[in-house]
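Both of the next two complexes hold chain A, though its partner changes from chain B to chain C.
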Partner chain A sequence: MNTKPWAIGLITVMLGASLTACTTKKDTPSAQEVSSTPKDAKIELNFANWISTEDATKPAYEKLIAEFEKTHPKIKIKSVGIPFAQYKDQVLVSSKGGNAPDVLMSNQGFTPAFVGANVVSPLEKLISADILRDIVPASKNGVTFNGAVYALPWTPHPNALFWNKTLFQKAGLDPNTPPKTWQELLLDAQKITALKSNASGSPVYGLGEATKTGSYTGQMLYRLVLSNGGKLVDDQGTLVLGEGTALTDSLNYLRQLSVQKITPVGAEIKDLRGMFANGSLGFLIDGDFGRNNFRTMSGKGEAFDKEWGVTVVPVNKTGRSETVFTEHQLLIAKDSKHADAAAEFVSYLVSKDALTIYHQFNGVLSSLTSVSALPELNEDDYAKVFNEQMKTASAFPTANPKFDNAMKEASNLSVLATTTNEDIPSIIAKVLPKIQALYQK
Partner chain B sequence: MKFNKKTVVQSFKYGLLFILFVLFMFPVYWIINVSLQNNAALFQFPPHWAPQNLFIESYRMVLASEEFLMFYKNTFIVAAGSTLLSVLVSILAGYGFSKFRFPSMGILLVLFLSTQMFPAVTLLIGLYTLYGSLGLLNTYAALILASTTTALPFCIMLMKTFFDHISKELGEAAEMDGATQLGTLIRVILPLSKPGIMAVSIYTFLVAWDDFLFGLTLVSDLDMRTLSPGLSLKFLGEFSYNWSAAAAAAVIATVPLLVVFLFLQRFMVAGLSAGSVKE
Partner chain C sequence: MRKRWTRRRKQQLFGMTMIVPAALLLCITIVTPLFRSIYASFLDDSLLSEDHAWNGFQNYITLLSSSEFYHSLRVTLLYVICVVGIELILGTILALLLHSQIRFRSFFRSIMLIPWAIPTIVSAVIFLVIYNGDYGVLNQILMTTGISDHKLNALNDLTLALPAVMGVAIWRQTPLMAIMILAGLQNIPASLYEAATIDGAGARSSFFHITLPSLKPVLANVALLMTVNNFQMFTLFYTLTNGGPVGATKSLAILTYETAFEQYDLGLGAAIGVIWMILLLLFSIPLYRMAHASREG
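Moving on to the complex of A and B:
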């Protein structure tokens, strides 16, 4: 092969590329440049988030920003889109590296780390007292650290019970009567599991519980512990996960699901969502974003809505519908040069106007009492179920900055209970000290 | 039926090669298989080993996405820029280490190599701060420099080894004829070093094309994102993954690498094996 033309071509392309590379992409001024611009000049706020790039939420994001910029002509929002899986680390790197975004989207897992790293501001002096008073109490607990509110809860995602009506019918169950108690749930799940396979020949499982190592699995174990009357920490923040029988009962329950093949072992929540969407899972406890996910993942769009129902999580030992809610939250960086503008933006995002738009696009709820009660956010049974579920949903006890690490460690309890024959007390004795080490004061 | 020893050994060798072939090719086959199924089919258990219904919508969606083409363009600019810079620096450094003897040369070489011993993630905050203070964040230059510094230690060692095996008399003859050091390098040594240069080019191109960490950290503007973090942003979401589209994008992203490697692999092999035989 004559290599000369190749070599010449390659060098030409590289030279061209490097010339292009030399043109640095700096069409937007830095925070320092903005702060030194005249008073009537536009302020640019960097908003770190993951919703601006995901296809499911991008249209809502664009509409929200367009509406805000229309009513706030002096503020321009610049999106800093970061993949969800790398979000926490990337925000910490940029904040510690002296380039903190002005406004940070967050969730219950990330916020403790941002507060612990001292990269965000308390909000009492930035956000109006009316808004702070309006936060749903359970949400407020989750964002209060040492008595100060550090994050403004935006959209809560309480976990409710989805059930597959088609599998219900095939199992001889009434497709319009979901279980009300934990015992009924287990019985129904056993009947669905007995179907063995669905119409396309895939194995059918009665109920999906996350059992793969990871923070989310730990959080779902916490949900089970709540329903068995337990807690992660007491009011002083001391770890009490191992006290009483709640943890043992929860792990025995997971073992039963695994031994009876009611749940697919080793699945993470994203797998379970896919399985529910393709009709191989009878029950799934998941958030309000489930509807959109199932429509997309099933490939059937809105037509798939007829194949499932949603209701509040059945009651167990506490006599009430115990569940947890994850939550999208908004924070303001400690180093923001435009804290007041950032506060305006954050206040807009939690307002009635913004939430109505967001709800229309993605069916989200509000963490403000006054907004969540609006008819616009309760327009159908789906929204009503989740607003109802929110009343008994618990926030994650995230005051400890190592909460996320603790949940990752706790997931090993679920993994060992579902993949080994080791007795449950031994598993607890093996894993619990590692969680206790994270909570030592 | 009799088998002689040679046949048995040959069969064993081919058997082993076949197993290795399957091990290496299975991920490639699987990603193509995933890219040709819709997401509902992908969550069926047991999985389908071949698409039941050929689904090319993911390819259409990816190719129609302006953002994907932008990620593609950015990645190409960064990979090409890094390759050019890396080749330039590694030729000069490799030649210097090969031709000249100077105090603490050994220490300097070890220092070059030691930069590869630190996991990049441990340097991230420091690098981010440094690039930030130089005003390089959100620029192609940042990504080119980062990929170049990742590839450079290996490239310098490779070029040094290559130059070590070019007869010194050639250079000395050129100098006796009046050529300068640089002239000798450009006119005499480099034409004999094509396999080494190609190997360095391909290696750096692959390093830059595959980079995830620097592309994720040093740029945050969507229109500056490269393929790896871009795909993560687009298809691996908070609540669900679009596996089919992610696999289709990965297939499309891999095609240029395959083409480059197919045409230039003999240089890569020649370059990497340079110095393996003692003369």
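Moving on to the complex of A and C:
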């Protein structure tokens, strides 16, 4: 007798275990196929989000959930908090693996991927027609895929221009007169850059533009392209980024900022926010959550509000204040067993009551026309500027599920323009084909 | 005879039973994902599609005809060869210093392992600050010593980014290398050096004819360990540069992550993983054999 039979037995057990682990999960029924839970049973909804993981938004999140549970005693919200950086990947993988949360928070970059992966449900049968009709048109375009609305826009975040009043004064500029045109912006930024350092000895830059490889940098390049009269895609979704002079003009502008040391090269948005908060950046184009971020990052709280102002983005070649808006959105999983309760929760989150709470905590806006016009959401100049900016802000053209990848690839244009001497047409010729490959139909 | 045979069989059964939990655990945690990955590499397995059809070698064909893959392979090989090579040289020098009669030897030996004890992600964050173009210590040192007349933006520079990542890896891993080589040095019998001295050998001759040959198994083992470790390096690349600027630090680990979790192409991502594993084996087997042969010799 040798050990062979035993070895075979052991291998059989191992293979058996492997095969068991390899078997796929039985498909779960979809939201439409599942009947509702018995009337008296308490429903638990899993809500995947990142706002419960961030200090700035956690108090608002807790208040919103508490208020909802108070008015809906039969529904309990279980938070599935995932940090923003890992959010898309984790939600996508868990949803495809059959563990989708009932309600998903999302943004304009993530939603196309969730829709493309077929893990979310169209909302027409779940959300009232009144709410869907009330969505701001620019927002509605961004959440409509093949004619169906898949996400409910929640809070839009248009990017406006923040300026540092202290640096304005030191540079001999009127701290209460921000630039109205692109030329004025550049001149003011040059004067601030000439200060070289601030009171604490940190280097001073006139204007912050993101120039580090990453999709955010690509999105900010898209903002520049818009202001120079260009587009990313046409109405048919065909890539037109390289057409005309908008892209070349935008990259030349970034190169000028880099050569004249007006912008810190290689910075990403978190670096720029930190620099604005510590008084070493003259201008920053950022979203409406900027105020809270700057209060926290400066360490001065509300007192820091006196040191900066906010206004709409200066006009450039198109003659209007071109900017972009990011947007937090809400989706319902296709496999949710409690689709009706999920719809009730989502409807609450976009309601006047919820937005008033959220606005009080974080100054956010609403993507519903009726709610955004409420006096409660326009109570100060800060809110008014962002509501005004929202009128000319463009949604990102995110219909392509690989939009985020395209933006990451586009960021290489900004990086090469600011870190090399290569001529701009060569840079475009090198990078554009990679973006075009992502848009091939 | 029959009794002895039965006892042996019982012992084998007992031994096998003891192995089963570990074998099952290995199945679930290593063997299963490995086979699933290999299987996935033959599928058109995209998270954005419902159809996960068998597509034969298409993922491998796509990969082997893509310039991006060869670029990542070149970045990975350059990184591994430079990091392991420099670590071997620095580690040996440090070990020799710590083995010699220097003052505060025990103190230096104790603090040596601090960089290794720091988690990789923490090291990366520390070096993000050190390399910062405006506030980083590196620029202050370079400019005050006159080595550079302008600020460097190491992590955003197409030519400096990869050496900058290598620098962090070398800083963190060299101490472990040195400690392991030091252990090897301490095992070389002093009598060999005494005999060499009597025969008139100098320090240089002793190093090349006694120290290095005696250290061969240790050096092969640490080289193997560090090669495997660095081939798999993801944290440093992801945290410091995320593969940028413009792909200058896009290693195979970053390419796999991007393909599988940013472009949602799990099939192609798995194919990169399989090729990556084969390459790692090709690198590791000669090193393993060298270590094994030296030990037997």
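By definition in this document, the second predicted complex is superposed on the first by the 403 of 441 C-alpha atoms of A that agree within 3 Å, B and C clash if a C-alpha of one lies under 4 Å from a C-alpha of the other, contacts with A are read in each partner's own complex, and residues count from 1 in each chain.
Simple rule for what comes next: contacts are C-beta pairs under 8 Å (C-beta built on N, C-alpha and C of every residue); 3 or more make two chains touch, one makes a residue touch a chain.
None of the values given here were measured: they were computed from a predicted structure.
Peer 1: Tell me the contact category for A:G116 with respect to chain B and chain C: first, second, both or neither.
Peer 2: A:G116: touches chain C, not chain B.
Peer 1: Comparing chain B against chain C, which has contacts with more of the residues in chain A?
Peer 2: Touched residues of chain A are more numerous for B.
Peer 1: Quick one: is A:G274 in contact with chain B, with chain C, with both, or with neither? Answer first, second, both or neither.
Peer 2: first
Peer 1: Give one of first, second, both or neither to describe whether A:G282 is in contact with chain B, with chain C, with both, or with none.
Peer 2: In the superposition, A:G282 touches no partner, neither chain B nor chain C.
Peer 1: Which partner chains sit in contact with A:M297 here, chain B, chain C, both or neither? Use first/second/both/neither.
Peer 2: first
Peer 1: First (chain B), second (chain C), both or neither: which does A:G206 touch?
Peer 2: Touch partners of A:G206: none, neither chain B nor chain C.
Peer 1: Applying the document's definition of touch, where does A:A56 land relative to chain B and chain C: first, second, both, or neither?
Peer 2: So A:A56 only meets chain B here.
Peer 1: Determine, under the contact definition given at the top, whether A:K408 touches first (chain B), second (chain C), both, or neither.
Peer 2: In the superposition, A:K408 contacts chain C only.
Peer 1: Examine A:K96 and indicate which partner it touches, taking first as chain B and second as chain C; both and neither are also allowed.
Peer 2: Both chain B and chain C are touched by A:K96.
Peer 1: For A:P397, select first, second, both or neither according to whether it touches chain B, chain C, the two together, or no partner.
Peer 2: Neither chain B nor chain C is touched by A:P397.
Peer 1: Which residues of chain A are in contact with chain B in one complex and with chain C in the other?
Peer 2: 1, 3, 6, 10, 13-14, 17-18, 21-22, 93, 96, 202-203, 264
Peer 1: Per the contact definition, I'd like the list of chain A residues that touch chain C in the complex.
Peer 2: Per the touch definition, chain A meets chain C at residues 1, 3, 6, 9-10, 13-14, 17-18, 21-22, 89, 92-93, 96, 113, 116-118, 202-203, 211-214, 264-266, 401-402, 404-405, 408, 411-412, 415-416, 419-420.
Peer 1: Under the stated contact criterion, what part of chain B meets chain A in this complex?
Peer 2: Those in contact with chain A are residues 38-45, 76-78, 80-81, 83-85, 124-125, 128-129, 132-133, 135-141, 144, 194, 201, 216-217, 220-224, 229, 232-234, 236-242, 263-264, 267.
Peer 1: Using the touch definition from the top, list the residues of chain A that touch chain B in their complex.
Peer 2: Against chain B, the touching part of chain A is residues 1, 3, 6-7, 10-11, 13-18, 20-26, 48, 50, 52-56, 79-86, 90, 93-94, 96-99, 200, 202-203, 264, 270-271, 273-275, 277-278, 280, 287, 289, 293, 296-299.
Peer 1: Which part of chain C faces chain A closely enough to touch in the complex?
Peer 2: My answer: residues 5, 9, 12-13, 16, 19-20, 23-24, 26-28, 31-32, 35-36, 47-48, 50, 133-135, 153, 155-158, 241-247, 261-264.
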